[in-house]
């Protein structure tokens, strides 16, 4: 398919690479042009502006850092929404606010374009392996047309619902679930350690019985080893997602005390200078509070 | 093996049944004698007192409701600790306090008896199927001697450490992990529901991607269906375990804010009259707080 | 003094009334003109636009609902900041974000105007009695020139500091303190009630010993009586201030778990339909959680 | 009056001193005899055992550290409850559990003795000045007979109710209120400091407007100065009271999330080695979490 692709960060690069490997025809745009050049060597075209990436595309994929970045490439003067052909599909993969997703659905609808929110679960190494889980929201027709693209980047596609933003709701809720695992493992490990049980002993039991799950395995190992650098997913990004969740929950009038607790952890971690660490570094606060260690970066 | 068995509640009955099936020689005691009689029909002997169950046993297994019940059968005048032969092993399977477990280890040691704390994960149906996960703490020699018993009741045995109470630490920490899953699912489902996403849609995605775990599947289904009766594990029992955890964490000087949050949920649930429901019924509070429903039992 | 006055809500009206009584020369503007007309009958002039209220004023006072309302009257095209004379003072009394206050200081400074943030403590009846507490932030010269105005509306003026937004920081922190009193009284009353002690007995002891304070008296009486209508200060306004506090604390990297707890209370209260009640109605959640009552509005 | 007095710690000594000054006839007992000797020099008799202090007394006053200490002097073999004459009054001033107070009322009633729970608010310096606030629970007759004693030690006596333990409920709830003030001031000061406002500026405004209360003044100054040594009331004592409150609230089925939050703070503070500091030292955790300082004692 003829694909415009905007946003070549860690996740975007891995996804774009797999699309090229699957022989899709990509025109890539990245704010920092040097990252785009590498894809040119693989056969992609380089767009000089977002609108150039969208012009003539069957599908425009965006994978950007936040609401502001996405709004800028889509809505700013001379923007992609004006050059994307009628009938084409915008697949938004970024973790953005539920309200912006709702706004995009409306804006594309007015222009007879299609909008699919396709959020993904998986860290960059999973994305590179083409093993992401894709959660797609929107009308079923456009989603079906995108299936070859999803197949190229993920191991499975889930349907979130007819409302595109359902995919964003699920992404934010899923990331919330991960943060509660990080926090609960941190508290449990601190309790185990001060009670004479090695975290890895406890983790081994957990993941071979009640919780045979990649999240418990991956984060359990990071936290049991008390090692949060280099980051797979940086702490401020996790904080951003927690923020988007609390904003959406507030709008929907749903109190989420565990999300509030995690919010306080993120703020504390940032005050302790952990902005470069993995988001799992909020676990170090439980260790420190229990008197087990000083925060590493001091 | 010649086994004394004390405590024939839901879990104890399932475990004793599997031991008999594996052709161990059981002498059973239960406060309410009628429950013991059924096991007599399967070939077990009936003891009239705890001390009679312990007399002459190679292994004494206890599976009782709480610290008070266990202290009473072991330490009360004319008690089991006095009739259990030197060299015999007391396997304590109950979910009890870390401090009582430590005290039992010392008391049995003084009498040249062995003490193994062997806590189990799994609900009564899992116990009946002989598929429990057993976590055994204590000296390796006695644990090895108990292995045939563990094999008869469980699918896997994990070694907690040389200190028997390590098994109790792990059991309390494991149950804590389950409560955090219940609470996080509750909050996430409330958020999904008020944002237009069906809980079962979200759960299906979770358990087929990040969380392919029996805990997420079992409790996720209960909570997504908002159905907590009849109880698999009654709410006051879950509250008791939360209480034991907080007491042990307090003694070890480990703050556990998620455990405190769950504590508040349990107290609220009891104030709402949910004592007969499954412990997962704390999830109903998130639904009610979000304005989604009234608590069922009102 | 020649005063432009924008914003004639409950608080604004009470303040403007006292300024007229003190023989200041007011030109008033309100979005809903009818409220302005009453002040005309007391001798004030009516402005048809914000910029007309600012034109020729020695002092421009704004008392508006939120950031958006204040930004609109000050910064919108044909706005007050363009007509306010150089050397004149803008006194912002609204409870707004710390960041907007910082931005206003810069914008007025560029135009050689002065900016004073003068936040106030006190409910509408206190404002009507001219007994507000005024917290003024900004350069000392302009604050001194405003003192006759502050004297007309309040019983005391406190100096927050040379940075104008210090007054906003203090206002948000002060309102946070009030919310913690509301929540702590609610929990304590629930505990007293279920333990056989009348809330008024407990309150009487508190306010005649440790806490002889108007906040404990006023809110203690509301909460002990479990009566939150009609509202003195509506719940969504309290929520807004909690939101502003958390945003400012997040920006300053300060975790505030009590503020997060209060946030969850506000969200719950809104989900329960308490938007028309006094902000102290978050206390009803403690009563309901303890099984003492159903929320009134159901 | 003829008074037996048991427990000469900081508070007990100050109270006993004021009773002697008011010419009451004291027989004192203290586990560490040396403390009693000083009172002998003021004219008191010394008892060698608790029962000797109770024998022949019109009133027995106990002011002890905790439930265990009080149970031991009253109920242990050869104990005070056996020598206290029928018709005499036991005034329990200790901060003890609600359930022990209830048990004492019953035990004394069986022996035709009277039981008054008279808890006090005020730190040791307030006790020394005879300015305590006394909260008395029990039958009105005995309370009236005790009034001269209360007048000698306090500035005011409040009646809690006919059930003696009401005084303990109020004491625990009152101390809870103080802990919430400590925590809220800590969070507010951290926010002020990182936003450029001096804590003393904020405190001065608070205590001269909304919160003219000794608790805000005393603790506000301690916390604003970030100085928690030497202790006026040691942190483990505050933790004990928080523990008693949570136990009583749990029994009464009242969730108290703020008390849970304070519980977590106390556990953290003990893990940080702050056991010798004033209970207000939990405030240092807010400062540390915000990145403002390291905990002093490290």
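As written, the chain order gives the labels A, B, C and D, with residue 1 at the start of each chain.
Operating definition for what follows: contacts are C-beta pairs under 8 Å (C-beta built on N, C-alpha and C of every residue); 3 or more make two chains touch, one makes a residue touch a chain.
Note that the structure is predicted; figures quoted are calculated from it, not measured.
Novice: Report which interface contains more C-beta contacts, comparing C-D against B-D.
Specialist: Greater number of contacting C-beta pairs: C-D.
Novice: If we define chain centres by averaging CA atoms, which chain lands farthest from chain D? Would you check?
Specialist: Result for max centroid distance from chain D is chain A.
Novice: Averaging over Cα atoms per chain, report the distance between chain C and chain D in Å.
Specialist: 38
Novice: How many angstrom lie between the CA centroids of chain B and chain D, rounded to a whole number?
Specialist: 39
Novice: Two or more other chains in contact with one residue: find those residues in chain D.
Specialist: Within chain D, the residues that touch at least two other chains are 249, 253-257, 261, 268, 271, 289-291.
Novice: Quick check: in the complex, which residue numbers of chain B touch chain C?
Specialist: 268, 271-273, 289-291
Novice: Provide the residue numbers of chain D that touch chain B in the complex, in ascending order.
Specialist: The touching residues are 249-250, 253-257, 260-261, 263-265, 267-268, 270-271.
Novice: In their shared complex, at which residues does chain C touch chain D?
Specialist: 98, 121, 133, 135, 156, 158, 160-161, 163, 165-166, 169-170, 173-174, 176-178, 180-181, 183-185, 187-188, 190-192, 194-198, 201-202, 204-206, 208-216, 245, 248-249, 252-259, 261, 286, 289-291
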